[in-house]
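Heads up: the structure comes next, in structure tokens.
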Amino acid sequence: MPQLDVAPVAPVATSWLARYHAVRAQSQALCAPLLPEDTVVQPMLDVSPPKWHLAHTTWFWETFLLKEYAPGYQLFHPDYAFLFNSYYNSLGSRVNRADRGTLSRPPLADVLAYRAHVDDALSTLLDERADELPAAFFELLELGLQHEQQHQELLATDIKYILSTSPLAPEYLPATQLPAPAVHAAPAAWLPVPGGIYRVGFQEEGFCFDNELAAHEVLVAPFELQNRLVTNAEYLAFIEAGGYRDFRYWMGEGWDLAQAQGWEAPLYWVQKDGQWHRFTHHGLQPVDGAAPVTHVSFYEADAYANWAGARLPTEAEWETAARHFGATPARGTWLESSRFDPQPLPADADPAQCHQLLGDCWEWTYSAYHAYPGYVRAAGALGEYNGKFMVNQLVLRGGSCATPESHIRVSYRNFFHADKRWQFTGIRLAR
Amino acid sequence: MPQLDVAPVAPVATSWLARYHAVRAQSQALCAPLLPEDTVVQPMLDVSPPKWHLAHTTWFWETFLLKEYAPGYQLFHPDYAFLFNSYYNSLGSRVNRADRGTLSRPPLADVLAYRAHVDDALSTLLDERADELPAAFFELLELGLQHEQQHQELLATDIKYILSTSPLAPEYLPATQLPAPAVHAAPAAWLPVPGGIYRVGFQEEGFCFDNELAAHEVLVAPFELQNRLVTNAEYLAFIEAGGYRDFRYWMGEGWDLAQAQGWEAPLYWVQKDGQWHRFTHHGLQPVDGAAPVTHVSFYEADAYANWAGARLPTEAEWETAARHFGATPARGTWLESSRFDPQPLPADADPAQCHQLLGDCWEWTYSAYHAYPGYVRAAGALGEYNGKFMVNQLVLRGGSCATPESHIRVSYRNFFHADKRWQFTGIRLAR
Amino acid sequence: MPQLDVAPVAPVATSWLARYHAVRAQSQALCAPLLPEDTVVQPMLDVSPPKWHLAHTTWFWETFLLKEYAPGYQLFHPDYAFLFNSYYNSLGSRVNRADRGTLSRPPLADVLAYRAHVDDALSTLLDERADELPAAFFELLELGLQHEQQHQELLATDIKYILSTSPLAPEYLPATQLPAPAVHAAPAAWLPVPGGIYRVGFQEEGFCFDNELAAHEVLVAPFELQNRLVTNAEYLAFIEAGGYRDFRYWMGEGWDLAQAQGWEAPLYWVQKDGQWHRFTHHGLQPVDGAAPVTHVSFYEADAYANWAGARLPTEAEWETAARHFGATPARGTWLESSRFDPQPLPADADPAQCHQLLGDCWEWTYSAYHAYPGYVRAAGALGEYNGKFMVNQLVLRGGSCATPESHIRVSYRNFFHADKRWQFTGIRLAR
Amino acid sequence: MPQLDVAPVAPVATSWLARYHAVRAQSQALCAPLLPEDTVVQPMLDVSPPKWHLAHTTWFWETFLLKEYAPGYQLFHPDYAFLFNSYYNSLGSRVNRADRGTLSRPPLADVLAYRAHVDDALSTLLDERADELPAAFFELLELGLQHEQQHQELLATDIKYILSTSPLAPEYLPATQLPAPAVHAAPAAWLPVPGGIYRVGFQEEGFCFDNELAAHEVLVAPFELQNRLVTNAEYLAFIEAGGYRDFRYWMGEGWDLAQAQGWEAPLYWVQKDGQWHRFTHHGLQPVDGAAPVTHVSFYEADAYANWAGARLPTEAEWETAARHFGATPARGTWLESSRFDPQPLPADADPAQCHQLLGDCWEWTYSAYHAYPGYVRAAGALGEYNGKFMVNQLVLRGGSCATPESHIRVSYRNFFHADKRWQFTGIRLAR
């Protein structure tokens, strides 16, 4: 189990139950616009079929909570543990990740029945036995909620990728409700952050993942951060200046990959009638120059920064700045907005403030995803939750338009390999 | 367009329409037991998603008949030609074959609407304008029916493969209706065929594919053929004698492949509770020793024959024997039986007759699939129907339990690469 | 051991010894122009390092003759059996074929010492004990000589490939001795061959490989054959007519391969200063229009024939024609000429004769390499010599400019996969 | 050009010339025990053929110094720039890295002539024109010497890998001169390092690479470091405790790789007669329990540390400790010793001192190889020297038994991917 340094929030049974139902309902709501066919395919290795997400999150509840704490609990199906384990070596063999998209069975209807079965059992448990359950149960309950929220973000991004592979460019949601594109973005400004010894990592009350611990001090030199995310218009200038054809801006491995795969723009950008469009949850849409650029790899973010004469912030700089500027999720774009795209900063936004730190886009940092000082991998299966990924990836910060708003913190550490583009990733410049 | 040496059968509009509707209905009937999820996946390259089969056969009618002969015909959707072309280079670019299983859209419902749209248009055309249509139209109509029947066989075998990938071993049809396994097969007997100059290739009336032409004479030396297919019990003796572990019986490429993939038995065989079972259209079933062995590659068929001190017949031998013994489809097992498995020869079958030549299993021959003397590739897109495959594959003869009964002839030439196992392929010995 | 239907030629010890030494010396002479560095690399899987060829042929003598028949023979090195076994499963594990080019040790000098050691032992055996040796020994001796001649052809073609990979285009032999290119080739003429029942396969005295047996009758329909090989000038017309860009001429698998690998001309052709050149054993040379085209795959040969309105002969047609026209090796180009390239037919050649059937280029046939009727794989390791390759390849006939002249027969069957181009392969048209 | 913050050492022409000749001679001396065959192969992608190293280092002098500063310099060969460029995109196309081992030409003799040609020209230049040459020339001269020393280390490790692929286990140097294995290693002790703000990065006089700049302050928490490298005996305990079979100690990607490749011990370890041996520059030798373990990947180093209840130091900790303990190269094992293996710490070594920090083994740190604050990539081709590799790799510190002694510094940053094992990499524990 991840390290929790404080008791979970609000350990009152009714409140837990309400949170549980709200989170579970949100996962299914995300799949409501899909057809059964959409829920089964896996067009690339990083993407999982939506019905797999719906089942895997359910398997988590069944495996870590119901089997342990619900007396007499009956497994919904004996083979589901094999089918829906993601990566836990402790829990035995599992379906090869590359084969998730070939399994038409169990169908979506059975997965929904599985969800109902588990929801019933957990509701009953919370209703009838909350008083008898130990603190460890509630820590797992909290973790299960956080885990399911993480899969909600993956659902949103995987669904986008799945629909994008069809030449029909289907809409997940009707485009009719979209606002008109902004004409101009607010101009970018550089904001100074003073140097010093800062404390980073989780240091508040409530829940955090084990990878945010231990909080510790870091020495940060003075630096400046841009007050908003890089926009599509700015990124387009990089494209048009030949940024994708000049190796000098690129990490070597990034350049080789970009050449091999023929990258010429962010993921989902296509030329149509001589104009750049983007595939979105609302079908194919013209690129909005004022909106933050997204679906860029670390390689592209880093190359852009080099071209722009700047750099990406480190993880410590980012968190220091977020704390310094008092970042809050209040004005960010989150999963709950159903926008599924980062939004332009209003032209009248205060240039002295630092915007979009939380929400809209995950911001690539130039920090490897390594363990914090004092980090200890937990015993048992949950020890595989974070620790075994702590090499070869980069940290991203701040959450995105596909993150549930209640899921984020300034100390939250997300991580992806440098080549990944299917998440809502964006660019914040430092210098 | 393939070479037709006679007029198509029964060029009367009402009869054509009835045949058209019967064939089209059969394709959809095969998919009726499926869920939408089953119709979208492609667990290996040789397999196509069922909804792709349903759409591709429809595209064939639209492209080759309606666009050419139906005045004012409106395409159902402008992108479907790209989506559902299989391999015709003449007709422009197409979806990469490996990506067929990632396209959740268009969904099954749209494909069924596509079928209805095309069926309406073709029915109207046949109803209202049959008299005006040229002979070339009816030749294409005949070809379209044959083409759709070919895809029915693929539907049956691809569906089996798709369902087999799930650890749940789902049933396509309920197993409750299956007969009890036979206890003993009729003993095998060798039947002599006299040598001489024989005429092979299509030489009857009615339809044939261009690859069955030109009929020509071959010199066949005297040989003997076994009077039935090799059974599971016989093949099991080969397995138990170490046939999969002794390279001396194997072609070199077959041996390397079998080692690399860990073959120990035909496709779909699994050990369960110490006994061999087979995945079937009726779920997992014990191996019936009396039934013909099926789902073997050429490599396995050839290794078995070597082990048994015999050999596979050549294509010319097979056809000569089939004509010599007066093979008819009457007692074979066909798609229409819904058995989806080759059936045991009754214990009291006449040992002096040659059984199971037509139906039950495609029989591997030791003949490469090459053009017959005088073969000429047709002009235009239909010239790609057969000719471009005439190297690196082997001929199979006789049809299988997944072939529509009306689709077969003694001159019919099927062909697959030596490693393929997902069709209903079997073994007939010669010496 | 291969089936020999007659006693080997000239079973007199002195003559055997002379032949042995002549063949062994020829292998080393082929490597004389090489540097040690050239003898170790393997730039593609089909190519073996020259020092591997020199060692493997020696291993054959040691394994099949000396270990069996030379009393008290001492192995040169205990690890060489593992290092230099090519593909005999009967003889235990061996170096992975793809790794042959990474083994710098043993070096060339040690391989030459190995050759001397084995030559000494075999000379002594033949000198001192010829009278005691059984007929089986002399059959193996004959096979060893034929085997080493086969590797001489591979040495010549592998050396060419190895040198070709260097941008320096090094000469194997000085180009100064080359004759001036011919200006015109003799015009091609079609020669008729009457139909009938012919006997094919080995039916003479002396040695043959087991794959040439049993001789048997075939029914051949009347056909015409071109009286010479297709020339570079003729093939260039195909290139310039867009033959490499029009799928209609191509087998499907050939087309896909040609696209994937960017084929635009035969192997070794490069544009330089706006003119086609070919890499040869004499460095880079302008294409000689009058010389036979070579280094084409079956796919290219077949596509060319389709474009030219003709076809490739079958194996039976080729051998029937060779016997009909009384083909002899007398005027062909062979390894012994050190030309290492097929030569133009003199402009005054008799158009009523059929030229170049033996020597110059291996001629692709449109016949799969399958066992002849009555073929039986030998017992023991030599049963792997030919039989296990009898599927998925095509027969080539007639020998080439890299074949030792004494190695060829009209019944000789060579075989390669349809995509291979590094041998001296050429095109003969039939219709 | 890399950032140099001070003038190069000893800018006196005679001294430069002596250093130049000494470094150049050392490269060739390393190849003296090789045969020409050894200098051409590339058994894996990370390894380059020795003659490529000899040529590439020469190309560096020709390209960056002679072409720029030697009036009238004649290129040795016009194609060598293409052949021997390693990874500089600025300098045009180059041989694909995977193809280096297929080029037998130019042979070793030509490469040595190339070296002599360049050495002559550079000697003449230094002899005759040293006074006229600008400071930039001497900075490049220094860089060229450092660059060639880096390739000396690669030569030593690549030669080992090349010879290891032969089942003959050839000796690079005779084993007769090896000392007897030590019986016991000095016991390990933990040494404390106080926390504080430390300055890391190059801060001395003389040469450094641009990746060691800018020197900057870091905050280091108090920690302990082991006073010597982990030994073979200690690592063997990890193996015998099942360390390679228990995923809990491993990073996920490391575990998957170790399973896929069947790792059971460090690279070069083999069981022989029931005992662990190691392939070394002196052939196959029994594992010396007292010697430092080497040829381990980061994954193995990290798994070992987890198993041992410790961790790897960060880069900042390592450098801080090295400065704190006054590490000097005096007692380390270096290339010049011709030992080519890390040596045991004498049993009577002072346990209060920190040993083996410099020399013997590169020590894996748990720090990603990223740019230091203020790092700026240089303009031009030399800007590709370090900067483009600054992601996805890990820092190693301290030099090894294959590093020239004059090449090392406490601020020296080496870097490899986490899976690499062919360098002399070792393990130092922290906690």
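Letters A, B, C and D mark the chains as written, and numbering starts fresh at 1 in each.
We adopt the following convention: contacts are C-beta pairs under 8 Å (C-beta built on N, C-alpha and C of every residue); 3 or more make two chains touch, one makes a residue touch a chain.
Quick caveat: nothing in here was measured; it's all calculated off a predicted structure.
Each step here moves to a touching chain, and the least such steps from chain B to chain D number 2.
Centroids built from CA atoms put chain B at 47 Å from chain A.
Averaged C-alpha coordinates give centres for chain B and chain C that are 39 Å from one another. Computed centre separation for the pair chain A/chain C is 60 angstrom, with centres defined by C-alpha atoms. Within chain B, not a single residue touches two or more of the remaining chains. Which chains touch which is summed up as A-B, A-D, B-C, C-D.
Every residue of chain D that touches chain A in the complex is listed here, in rising order: 87, 89-90, 197, 216-219, 221, 247-248, 250-255, 298, 302, 306, 366-368, 370-371, 373, 377, 383-384, 388-392, 394, 418. Note for the complex: chain A touches chain B at residues 35-43, 51, 79, 82-83, 95, 99, 101-109, 162-163, 165-168, 170.
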